[in-house]
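Below: a set of structures, written as C-alpha cells.
Note that subunit A is present in both complexes that follow, paired respectively with subunit B and with subunit C.
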Partner chain A sequence: MHMRHLFAAGALAVLLAGPAQAAGEPSLDLVEPIADYKIYVSEKLQKLVADTTAFTDAVKAGDIDKAKALFAPTRMSYEAIEPIAELFSDLDASIDSRADDYEQGEKDPAFPGFHRIEYGLWEQNSTEGLAPIADKLLADVKDLDKRIADLTLPPETVVGGAAVLMEEVAATKISGEEDRYSHTDLWDFKGNFDGSRKIFDLMRPLIEEKEGEFVTKVSGNFDTVETTLAKYKAGDGYETYDKLSEDDRKVLAAAVNTLAEDLSTLRGKLGLD
Partner chain B sequence: MSASEKSTHKAPSSALMRLAAAGAGVLMIAAAGAFYHASRMTQPQTVGEVYRVEVGARACEPNAITVAAGRNTFEIHNASDRPVEWEILSGVMVVAERENIAPGFRQTLTANLAPGSYEITCGLLSNPRGTLTVTPSEAYAAAAARPTLKAFIGPLSEYKVYLAMQGSALVSSVTALAEAIEAGDLEQARSLYQAARTPYNRIEAVTDRISDLKNAIDPVADYLEKREEDPAFTGFHRIEYGLFSAGSTDGLAPVAEKLVADVTALKQRLREMKLGPEDLANSAANLATRLAEGPASHGASRYAGTDLAELSDNLDGLAKMAGLLKPVLSEAAPDVARDVDEKLSATRTALDTFKGANGFPTFDKVDEAARKALAKSFEDLAAALSRINQAVGLG
Partner chain C sequence: MSSKPGGCPFQASRRDLLKGLGLAAGGGLAAGFTQDHAFAAETPSHRHVTDAPVGDGDFDQRQPYLGIHQAGIVTPRPSCGMIAAFDVLAPQPEDLERLLRKLTERIAFLTQGGRTPELDPKLPPSDSGILGPEVKPDNLTITVSLGASFFDDRPWLAPLKPRKLVRMTRFPNDALDRSICHGDITLQLCANTQDTTIHALRDIVKTMSDQMVLRWKQEGNVPAIQPSADGTVQSARNFLGFRDGSANPDSEDHGLMKRIVWVGADNREPNWATGGTYQAVRIIRNFVERWDRTPLGEQERIFGRVKTTGAPLGGGESEFDVPDYAQDPDGGITPLDAHIRLANPRTPGSEENLILRRPFNYSNGVTKSGQLDQGLLFICYQADLEKGFIAVQRRLDGEPLEEYLKPVGGGYFYTLPGIIDKNDYLGSQLVQAIAENASMRSSNQE
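And now, the complex of A and B:
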C-alpha cells in the first residue's frame, strides 16, 4: 500500500493527501523557485569566495590600486544575496558592518570587514594594518558559504527579500551612505537590484495570471531602474556616486521606493505572511 | 507618538494596536529628505498584545521581555541618534529583524516565535543585548503538532537543491568512469567504479520512482531472464560485471556511453520532478526497507563486493532527508525525532564497525551474523522513518 501510494503519487495526488491548504496558504509551487533561488545564492557565494580571495590577496600584497579596483566588484555578489547573508548576525556584523555600528566609529578597534578595508584604502590610502582584517574577512566569507550551504532557506525570507533589497537601496544606497569612502555605491545598488529582480522573476510565474497589473507595474519600475543605472556604466562597473545627476537620482529614488512598497506585498500574495 | 512618550512593557493593547497600525502604514521620511522609505503596507493580523521596545543609545528598554509562543508583534522605537536595526536572535541566527529604523521613528515587527530563549539587539554592536523569553503556549503547541503545507516548502526546496547537486555530481563521476573505460584503463576504471555510484546511491530513494531510467541505469542480472547474457543487462552492474568479473574493459565502451546519456537524462528528470510533503519520509522509509531486505542481507554488487560503501552512501542520503524534516518533526513529535536520530546513528555505527584502514572490506568478508545485524539496523531505521509522516500530521 505504501509503495503503490508512493509510486502513483503525482503532485496532485500528493496535494490531496497532504495537509489542508487553507485560503491564503502558500502553494507547493513555491518549491521549485525557492530551490532555484538557493542555487542562485550558491553560485553568488562561490563567486564571492573567489573574488574575496583575490581582493584580500591584493590587500595583503600592499597593492592599493589593485585592491581598490577589486573592492566594488567583489561586494556585488554579497549585496545580491544580502537577505540570506544577513541571517547570520555574527557574520553580517564582521563582514559588512559600518563605522556607525561602533562607539568610536572608524577609530574603533572592533570595526572590521569590507568597510574597514575600504576606509583604509580610500581614506588612509594605505594597506597598513589591514592584513589581519583581510584574513578575517576571507575566513568569514568562507564560513558564510559553508553555513548557507547547510541552511534550509525560510520561504518567507526569500520572498520578502525582494522588498528588503529595495528598502536597503532606498535607505543606504541612494543616500550614498553605504560606501562612503570609495563612493562605489552604484555597484552595490546594482547588486541589491539584481538580487531583488531575481526573486521577483522566480516568483513571477506563480502570480502572473492573477496579478497581471501588479506584475506589469513592478516590471516597469525594474526596467526604469535598470535603464537609469545603465547610463552610469563605466568599464565593467559603474561611475562613482557623485557622478549621479540630481534628475537621475530622483528617478531612481521614485522607482526604488515604489518597488520597495509594491514588493512588500509579494509575501502576502504568495500566502507567506 | 512623540519620542518622549513613556515606554511601558505591556501597555493596554487596544491603544497600542492603533499605534501599531499607524506605524505600519506610515511612510518614513529618511534623512536625505527626498527619499522616503516604505514600511510594510500590510501587517498580518496579530492575536494578542503589542510589545513596545525602546532602543536607546546604550540599551533596550525594557531589556528583558517575556512573551507567549506564537505570533507576537513588537513596536520598536528608536530613541537613539543613529539608525538602528532591531533583531531577534537565536544563537547567531536572525529569527526576525526590522532594518533601518531612523532616529525618532517607530516600526513594527511581527514574528512567529517558538518557545525558547532569544536575544534582542539594541543599537551599537557593543551594546549589551537584551533577552527575550518565549514561554510555551497551547496555541503554538497545537499548531506545531499539525504543521501546515508552508512548513514543508523549505525542506522540499532544499531537497530539490540536493537532487540537483547530486544529479550534476553523477554526470561528472560517470563521465570520468566512461573515459577510463574508453581508454581501456582497467585499473583506473575499477578504482572509479564505486565513487561513480556515490551520487546515485545518495538519491536512490527518489530515483526508484523513475522506473524507465532506473531499469537502464541500475538493473541487476538476477531479475533478467538470461541474467548476465541478457541484452537488457545494462548500466552500472553491466560495467561492474565486465571490470570485476570478466576483468576487462572489452565491449564496455558503448555501455558506458549509454550510461552517461541515461544519467544525464536522469539529472533533467530530477529537476522536473515534483515532490509532495509526504514523499521525503515515505521514500526514505521505503528505501531503508529495501536495503534491509536486499543489499544489507545478501549484497547487490556481487562482482565488486562494494556493498558496504554503497550502503554508507545510501545512509548519507537517508540522513539528508530525515535532517530536512527534523525541524518540523522536533516541534510536532520530539520523541519520534529522537527515535529517528538514534536509529540513524545506530545504523552509522553498525556500518562503521566494518571500516578498516583501507575503507570497507568487500561484502564476502561479512559473515552471516554480521549481515543479519546490519540488516536489522536498516529495518529499525525504516520503522522509525515510517513513523514520521503520521507524527507531522501527514498520515
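And now, the complex of A and C:
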C-alpha cells in the first residue's frame, strides 16, 4: 500500500468521525472498504496508464492491427472505475465521449479520445491524423491518474458508484452504441460489472447480517451477468456485440435494470445521504 | 375556474392576485396596482400562468379490477391510452406465477388508488411521485395480454397456446418496423389523464425490472366529445378528420359481447382461456399532409361517409344512420371499395367478422422528411382473431385509403381472463393448467 492510500484512509476517518452519530448514520466501518477501494482504483489507473501508453504508441506507429487489438483491453480499466473518473467531467469528456456528443458527429474536429481513435481504426481503417488525438488521450489519462491520486474519495460517491455503473449500462450501453465501430461492447460491460461488483463486495460485510435477502438477490444478479458474459468469451476477451443473442440481451437487460434498482438503495442501507 | 367581474368572487380573486405577485404586503406598488383593478376585474381568470390547470376530469373515478373479464376492453375509452410491450423473463412455471402475482398486486394498487409507502429519505422513494403521495385511480385500467413468442419460447407453455394466436405477419401495405412490433406481454393502460398512464408504466418498469424488459410503447388520445342536445354522443374523430367507431358493436350488449369478444366454449380454445379475448394492435401512420390536400369528395368516397356529419353517403343525418348497401349493389352511392363498406359489408355472414375497436389517435413527432408522424393506435378485441381482425384486414387490403396509411407496428396478443376475486391473480387459470399438464405428463411416464 502506498503512503497516499494510508493518508486517504486517515482523511476519511477524520471526515467520518465528525459529530456524534445518530442511528443509521455512516459508521467508521466504511473507512476500511473505502481505503481498499482507493487501492483498487489506483491499481486500475496504473494499468490504464500503461495500457494507454502501449495503445497510443501503436496508433502513432501506424500499426493498425496492434492498435485494434489493444483498444478493448485498454478501455476495461477505465470502465471499471468510471464513476470516479466522472468526478472530473472535463477529462471524462475528452477521454470517453461519443460522436453523438458533437454537433457534426464523427466529422466534428472537437470529437476526441478513445472513440475518435476507434472510428479511425475501424471505420477508416487508418491511423492518419490520429497522432495528436493519441497524444492528447495519453496526456488526459495521466492527468486523471494524478488528479485521482490527490483525491479523497467521498464515501457516497464510492458506494453510489456501484449503481452508477449499472445506470450507464442500462441507459446507453445495452443497445450496443458505446463501441459502435469496433463492437467490443462486451469488454466494456465486463469492466463496468467488475467495477460495480468490487464496490458491492467491499460493502457486503457491513450489510450481510441485516440485509441477507438483498445481498443474495444482488449477488444472484451479478452471477447471472457473469454466466451470461462467460458464454461469449473468446481468447483473452469477448466476441463482438452482434454475436450476443436476443435472449441473452434480454437476460442482461433485466439483470442490469434490477442491479441498478437494487444498488440504488446501497447508499441508504449504509446510512449515507 | 370562471370568475365573473363584480361580487364576492372578485374580492377573493384580487387578494389571490396580489398574493401571487408577492405584493400583498402592501407598499406603493400594491396601492398603485389596486387602482388598476378594473383591468383585473375584466380578466376572466385571475390565475397565474404557472398555476396548474383546474381539471374537469374525475380523478376519483374507479374501474373495478376484479371480474370474469379484465377491465379495459368493454370499458368506455377514457381520454388517454397506451400500449406498452415487454419481453418477459420466466424460464420456469414458478417464475411465471411470481410475475403474474406481482403484476396483479401492482394493478390492484394502481387502479384502485391509495397512499404510496413512505421510506427512509436516505433511500430512493418507493414511487415516482408524479401523482403526489396519494395515487388517485383516475379511471385507470391495465389490461394484460400475451404474445405468441411468450408461448413459443417455453416448451411447458407451448401446448397451452391459444389456437388462433400467431405472430403478426405483414399485410401488403405494411412496412413493419421490428422495433415497434410484437412482444411477450402487452399492457394496455388507459386513464383520464396521461400522467396516470405514465405513472402506472413507471411503477411497473421499476417494480418488475427483474422479469419485464420494456420493448416499445405507443401512446394515444381520444378527444372528449360534448353530448348533443338530444343526449346522444357522437364518435370522436381520427386524425383524418372522420368519426371513428360509428359502427362499433354496442359494448353494453352482453349477449353481443359474449359472441363477438369473449372466448367461450364455442371457440374450442384451451379451457384456461375462457373469458379472455384476442387483442390486435396496429400502429397505423397517416399521411396527413397528403390527406389534407385531397379533395373533400374523394375523401368521403374513400371512407364512405360524409365528413362533417359522419352520415353514410346514401343519406341520413348522422353516423348512426345505417347504410343500405342492398339498394346500392354497384357502388354508385357508396363505392364498393369504400373503407366502411369493405370493413363491414353488412352481407349475410359478415357479422361473423365483427370486432370491437378501441383505438386512440397518436402524434409522435416529425419524420426525416419533415412530415408529421401521426396516426392511429388501432386496438381491437375479438373472440376469434382469424375471423375478426385478420379477415377484416384482408378485405381492406388494396383499399384506396391505403395511399394515405402505412401500418408500421403492433402485434397480436391473447388477453388473459379476469381476476375473479381478491384471492385470485391474473392468469391463475393458465398457471393451473401448466401444473395439470406437468402432473399428467409425470403420471404418464410412471
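Here is the rule we use: the second predicted complex is superposed on the first by the 255 of 273 C-alpha atoms of A that agree within 3 Å, B and C clash if a C-alpha of one lies under 4 Å from a C-alpha of the other, contacts with A are read in each partner's own complex, and residues count from 1 in each chain.
Following the convention adopted for this analysis, contacts are C-beta pairs under 8 Å (C-beta built on N, C-alpha and C of every residue); 3 or more make two chains touch, one makes a residue touch a chain.
Keep in mind that what you see is a predicted model, and the values were worked out from it rather than measured.
Residue contacts after overlaying the shared chain place A:Asp135 against neither subunit B nor subunit C. After overlaying the two complexes on the shared chain, residue contacts for A:Glu208 are found with neither subunit B nor subunit C. For subunit A, the partner that touches more of its residues is B, with subunit B and subunit C as the two candidates. Contact with neither subunit B nor subunit C is seen for A:Asp223 once the two complexes are overlaid on the shared chain. When the shared chain is aligned, no partner comes close enough to touch A:Glu43: not subunit B, not subunit C. Judged by the touch definition given at the top, the superposed model places A:Val251 against subunit C, while subunit B stays out of reach. When the shared chain is aligned, subunit B and subunit C each come close enough to touch A:Gly268. Across the superposed pair, subunit B and subunit C both touch subunit A at residues 250, 253, 257, 260-261, 264-265, 268, 271-273.
By the touch rule above, subunit A contacts subunit C in their complex via residues 24, 221, 247, 250-251, 253-255, 257-258, 260-261, 264-265, 267-269, 271-273. Listing the residues of subunit B that touch subunit A in their complex gives 30-32, 34-42, 44, 82-83, 87, 89, 92-94, 97, 99-100, 121, 124-126, 146-150, 152-158, 160-161, 164, 209, 274-279, 282-283, 285-286, 324, 327, 386, 393-394.
Residue ranges of subunit C in contact with subunit A, taken from their complex: 87, 89, 120, 122-124, 153, 206, 209-213.
Of all residues in subunit A, only 2-3, 5-7, 9-11, 13-15, 17-22, 25-28, 30-32, 34-35, 38-39, 42, 86-93, 97, 100-103, 110, 152-155, 163-164, 167-168, 170-172, 174-175, 250, 253, 257, 260-261, 264-265, 268, 271-273 touch subunit B in the complex they form.
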